[in-house]
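What follows is a pair of complexes built around subunit A, which joins subunit B in one and subunit C in the other.
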Partner chain A sequence: MQKSGLLPELTPKRREAFVGYMFILPTYIGFSIFILYPLIESVRISFQEFSLLRGSTYVGLENYVQMFADARLRIAYINTIIFTLFAVFFNAGIGLILAVMLNRRLPILMRNLYRSVFFFPVLIAHTYIAVIWRFLYQQDTGVINYYLGVFGVEPIPWLSNAHWAMAAIIILDVWKNTGFAMLVFLAGLQSIPNEYYEAAQLDGANERQLFFRITIPLLSPTIFFILVIFMIGALQVFDTIIVLTQGGPGDATRSVVLYVYEIAFRTFNMGYAAAVSMTLFAIILILTALQFWISRRWVHYE
Partner chain B sequence: MAQTQAPAFKQAKPSPAKGRKPVNIGDIFSYAILTIAAILVLMPLAWMFSTSLRPTHESFQLPPAWLPTKFSWENYVAPFESSVPFVDLFINSMRITVAVTVGQLVTCSLAGYAFARLRFPGRDLLFLLLLGSLMVPFQVTIIPIFLLMRDLNLIDNPLAIILPGLISAFGVFLMRQFFKQMPQELFDAARVDGAGHVRSFFQIALPLAGPAMATLGIITFNATWNAYFLPLVFLNSWHKMTLPQGIALLTGYMGSGNPSVVMAAVTMAILPVLFVFLAAQRWIIEALTRSGLKG
Partner chain C sequence: MSGKLSRRDFLKYTGMGSAAAFAATYGMPLGTALAQAPPGDTAGHLVIYNFGGTEQQRMFGNAIARFNERYPNVLVEDLYIPWPEGWGHYITNLKLRAASGLKTDIIAIAIEGTRETIFEDLVLPMDDAIAADEELAAIVDEVEPVLHNALKGADGQTYYFTREWNNMIIHYNPVKFEEAGLDPPAVDWTWEDFLETASILTTGEGGDKQFGFAIPFFNFGLTPWWHTNDTSTLTADWSQSNLDDPKMLESVKFVHSLVHEHGVAPSVEGVNPYELFPAGTIAMTGAGRWPFDTYVTTGYKDVDITPWPRNRKGTTVFGSGGWAVSKTTENVPLALELIKDLAAFETDLEAVAVGTSLPARRSATENELFNSFPANAHRFFGSLEDIKPVPSPANFAEVESIFMRHMSQIMANSVTAEQGLEAAHIELSAAMDKLAERLADG
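Let's look at the complex of A and B:
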């Protein structure tokens, strides 16, 4: 273990640097092979007409031009954006409501119990949850339609109708992930000092004013963080969809990542797939940057 | 709101309502909402469990019997006797998950320590570069990694999943934050005793890093255990697949599999997660709250 003994000729400063480089070496080898190299390589492949058998040829911007004429890609982007808007809104909104309610006067045991229940689905694989919900969503035999029927709702074609299938995926996503938003919001709420509320109450503020004038502004960095994290995650939705609907019916729930996966690993059109994935990467970067830019207008840092 | 707690706590006057405000409409309302939400969260899981115990011919029964009348434990044996090699899948998943978790604990603790407590030229730039990689989505890097694994003849080999999993920018970040919080005096004292940097790491920093290592270990274990995309891309023969792949296949095309058996398999797959969650709830919740990593 005493590597220093092996290097008697180095000065202490150089010895420290040497140990430092040795310590980060495993991480940097992995980083170079599995992140840096693939990132650069992906850009290169996106300019190629790719063939597993015949080898690849450079085709310039052809893959990028092809995207404008690709109707299925346009649908995949529209689906992904619709999913992202709804998933982010409901995950963050319901998570915030649950957190605010948990932050009221509750016995600590009850609060921890509710918190654990809401959070547990976050830890379960999307795959398993989609497998469970696929049975729940069945039109004739599913539990969901049965209970809706009790209230007089006609059986809903959850997985066979284009609009309902998208709703089914959004509902599942909110069921699974809103607990994460709840957890982060609750931590944010609990870090707001009580003095603010006490002072405002002395000035005669009511609960609604407390919420909109104190809670929301002081929570704005947390809200911003949740919006960014959920947006980045939602734009890459894949696991749930491939198990629940496989992109169907038709192309109604095909997301961009599912589309990339299919072109890359079912038809092995790697060049085009790489080009599509580059556009998604660019869109994620631009939207994230945009959120940071807009956030300067509404997020209050103390 | 939280502010109602503090005044009630301060004025320790004995009052009929145990020093608390009487229950108001808002409290009842939020209790009701929270309870409904909790039921909605638990119902699919309860359905999963009760269906897993139901005899096959009752598995589509409506209304669902939430409490099974008979306990058909044979549903839990059925996956092992099906055409899906359930034991192999479990072992494959466990092998990949353990290898990735141990690997990340080693690489991330070493790099995290170096970035936190050692000085060397280019340190901050190298760290920023690593952090920047958190922005790169997996679908951008997967195609070149697939071609690389194909050239190395690692398609349908668990190494194709383990190797990229051995490092983690997030893990390095987590460990760095932890090592940075350790008091400098500890390391000064070790230096005076003649300990080198390597010995300081192994004998001082690492023994104190238990909570951080546990946190990283749990997060990595869970993420790898649940992973679906990488196995789907790299593993394609029955006896090489992982558990999520196997269960997705057991469900069958358009959910044609036997619900009772599928739910028994899912219950068994979720159990490790439940146990880890119950045992290490506080760490998981604290770590996720602070780091803000999505499940």
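Let's look at the complex of A and C:
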């Protein structure tokens, strides 16, 4: 066998590994510059009273200690957890229902049409959507309350009441993102071989048994993927809230990331903002690891 | 004392150094050096850190073209930020440029950010240059003193040349007034007159509902209610919270009552008054001149302006923007020459046509174009007789954030006006104390 001119001394196995590393090198460089380095810098800044132009001073754990006395951060974390629980549940749940409905024997044209309609909001930028929904949600002049009024429902203070404002954000998020979950579930459903269903039907299984005994177990890797992705995204919610409620009324809908933005760019307290970011990073890391650990009990790979 | 040169000192010395080097080269005092226009064949590169709308970008592009007629070998880069989401973010980007060693020659900013840029040593003081340069002195003289003074630093020095301004004034629909059998508002109308008028103009139900007024629910938009009650969010020197002033409580309660007691204004969340007004859903709102470019573009004509209703005082609020020379510039005299074109009378005349703000010079408004629409356009400059700038300390972004957060809770009925203002006062006082420490540390 003729040796490669570029890698004459390497064994085939090492050469293969070398080529593999070369393929991932651009991604690795990008990751190092745009993710790893800023992350390390954030850790460093979190131990400083940071100033861009006046020089920074090392303050030890002061920024981390400050968090324990920060009532607003506590509210931001509670808001973020509430949002995450509801957004993940409804996005995954409604996405799964839509996918199952679309996976039935529909004409291809109809299936593609419905799939496109449900997926379309995913393609539009959050900011545009939130601006439109802000008008829809308005208490006295909004379209939603107008139609609710037709049915005798009193105007709902969607954006000006603490509880309704969070509901408004979750509704918008589910409308926007459930199409993505639907598409991924649909791909998962279509990869389940028909033979399983046919064999089960021959054994007398009903629709409910087919769904819970075959569909759900074989779809569990996809469900796991969706739960992880949506949980990470929900914990970092920002753009929908800043356009829709700006965290208000008061702090009723302020998420952790929105709070970090406020500390960093309104009060210019970059050190504290970096410290808060680090706690969120740690929480996301722990929750994701926990999900992977628990997944061993319920996720089934063929 | 540490022998290490801080970044701040570096910026200070490079800025002053460039002017000093120029002075040394020509063997003349600094002020005189700044006043000497570089020769027309000077080659160079100037960077403007700028903001605004598309039409303004075109307007300043024309100013740059006029500059390039005088200095054809100078490349001007206009780093244009479309209307910034907040001045805090705008200033942070500016600081990032300085910290990264990226040069900026001219800085444009609104009054909300001027004190922060001065405190951070991002801009050069201009008093010497103005004293030594007749053209710069003329630019300052032609601008209304109240506008020029508002952009000065806490040290009383001039750092900014006025770029434009806007005040808060009532926009009303004369057709709706006529239909309701109402005379146009008197120039000295009171809060009571306003409430009575707004009540008459609030009609209909459901989809046909029309409100008398829509509250411009942002810091600048709310400030006239405080100023016309002879109070404000901060003390007169912008150093302490003034939210414990009983007059602030009275003002906030009045604004709250417009929605929750009298029902003459829609709930504030999600409302854009500048879309509802031309749509005919509201009869009055408050704004500066900025909606007029939309009125003109869309052919909307049913609008006139009148002073803000008064309680204790007939006044309102204004905000302005300015041009400054950055401390990171390598060519102060050339940057000043460009500012002369950016702040020229020709630019002011174009600003009249663009319609997003008011020109710095009253003389630029003495023409048919400005005075033909709205009918009482002269009231924009008329308001300057007794007016105060929007309180803009060096921590403006934080002040705005604290106040509006509590104000939104009050308007949402999550807390009473008393509770909301008390909590805001405590938080704002702590922020102002922290600012005082920062300013003292220098």
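In this text, the second predicted complex is superposed on the first by the 265 of 302 C-alpha atoms of A that agree within 3 Å, B and C clash if a C-alpha of one lies under 4 Å from a C-alpha of the other, contacts with A are read in each partner's own complex, and residues count from 1 in each chain.
Throughout what follows, a residue touches a chain if its C-beta (ideal position, glycine included) is under 8 Å from a C-beta of that chain, and two chains touch if they have at least 3 such contacts.
Computed from a predicted model, the values in this text were never measured in an experiment.
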### Task
Kindly say whether there is room for both subunit B and subunit C on subunit A in the superposition, answering fit or clash.
clash
### Task
Figure out whether A:19 sits in contact with subunit B (first) or subunit C (second), or with both, or with neither.
first
#### Entry: Residue contacts with subunit A in the superposition, subunit B compared against subunit C
B
### Message
After the superposition on A, what does A:134 contact: first (subunit B), second (subunit C), both or neither?
### Response
both
### Query
Does subunit B (first) or subunit C (second) touch A:92, or do both, or does neither?
neither
### Message
By the touch definition at the top of the document, which applies to A:124: first (subunit B), second (subunit C), both, or neither?
### Response
first
### Task
Figure out whether A:247 sits in contact with subunit B (first) or subunit C (second), or with both, or with neither.
second
### Message
Just to be sure I read the superposition right, which of the two partners does A:265 touch: subunit B = first, subunit C = second, or both, or neither?
### Response
both
### Message
Which partner chains sit in contact with A:198 here, subunit B, subunit C, both or neither? Use first/second/both/neither.
### Response
first
### Task
Return first, second, both or neither, reflecting whether A:146 touches subunit B, subunit C, both chains, or no partner chain.
both
### Task
Return first, second, both or neither, reflecting whether A:105 touches subunit B, subunit C, both chains, or no partner chain.
first
### Message
Can you check which stretch of subunit C gets into subunit B in the overlay, out of 3-11, 75-83, 183-191 or 219-227?
### Response
75-83
#### Entry: Contact residues of subunit A, present in both the subunit B and the subunit C interface
134-135, 138, 141, 146, 264-265
#### Entry: Of all residues in subunit B, those that touch subunit A in their complex
1-7, 20-21, 26-27, 30, 33-34, 37-38, 40-42, 44-45, 47-48, 51, 60, 62-64, 106-108, 110-111, 113-115, 118-121, 123, 126, 129-130, 133, 135-148, 163-164, 166-167, 169, 172, 196-199, 201-202, 222, 225-229, 232-233, 244, 247-248, 251, 255, 259, 262-263, 266, 269-270, 273-274, 277, 281, 284-285, 288-290, 292, 294-295
### Query
Which residues of subunit A touch subunit C in their complex?
52-55, 134-135, 137-142, 146, 149, 157-162, 165, 245-252, 262, 264-268
### Message
With touch defined as at the start, can you tell me which subunit A residues reach subunit B in the complex?
### Response
1-5, 13, 15-21, 23-24, 26-28, 30-31, 33-39, 41-42, 45, 94, 97-98, 101-105, 114-136, 138, 141, 143, 146-147, 175, 177, 179-180, 183-184, 187, 189-190, 192, 194, 197-198, 201, 207, 210-211, 215, 225, 229-230, 232-233, 236, 238-239, 242-243, 257, 260-261, 264-265, 270, 273-274, 277-278, 280-281, 284-285, 288
### Query
Where on subunit C is subunit A touching in the complex?
6-8, 11, 86, 88-89, 92, 95-96, 98-99, 120-122, 206-207, 209, 211, 266-272, 276, 281, 395, 397-398, 400-401, 405-406, 408-409, 411-415, 431
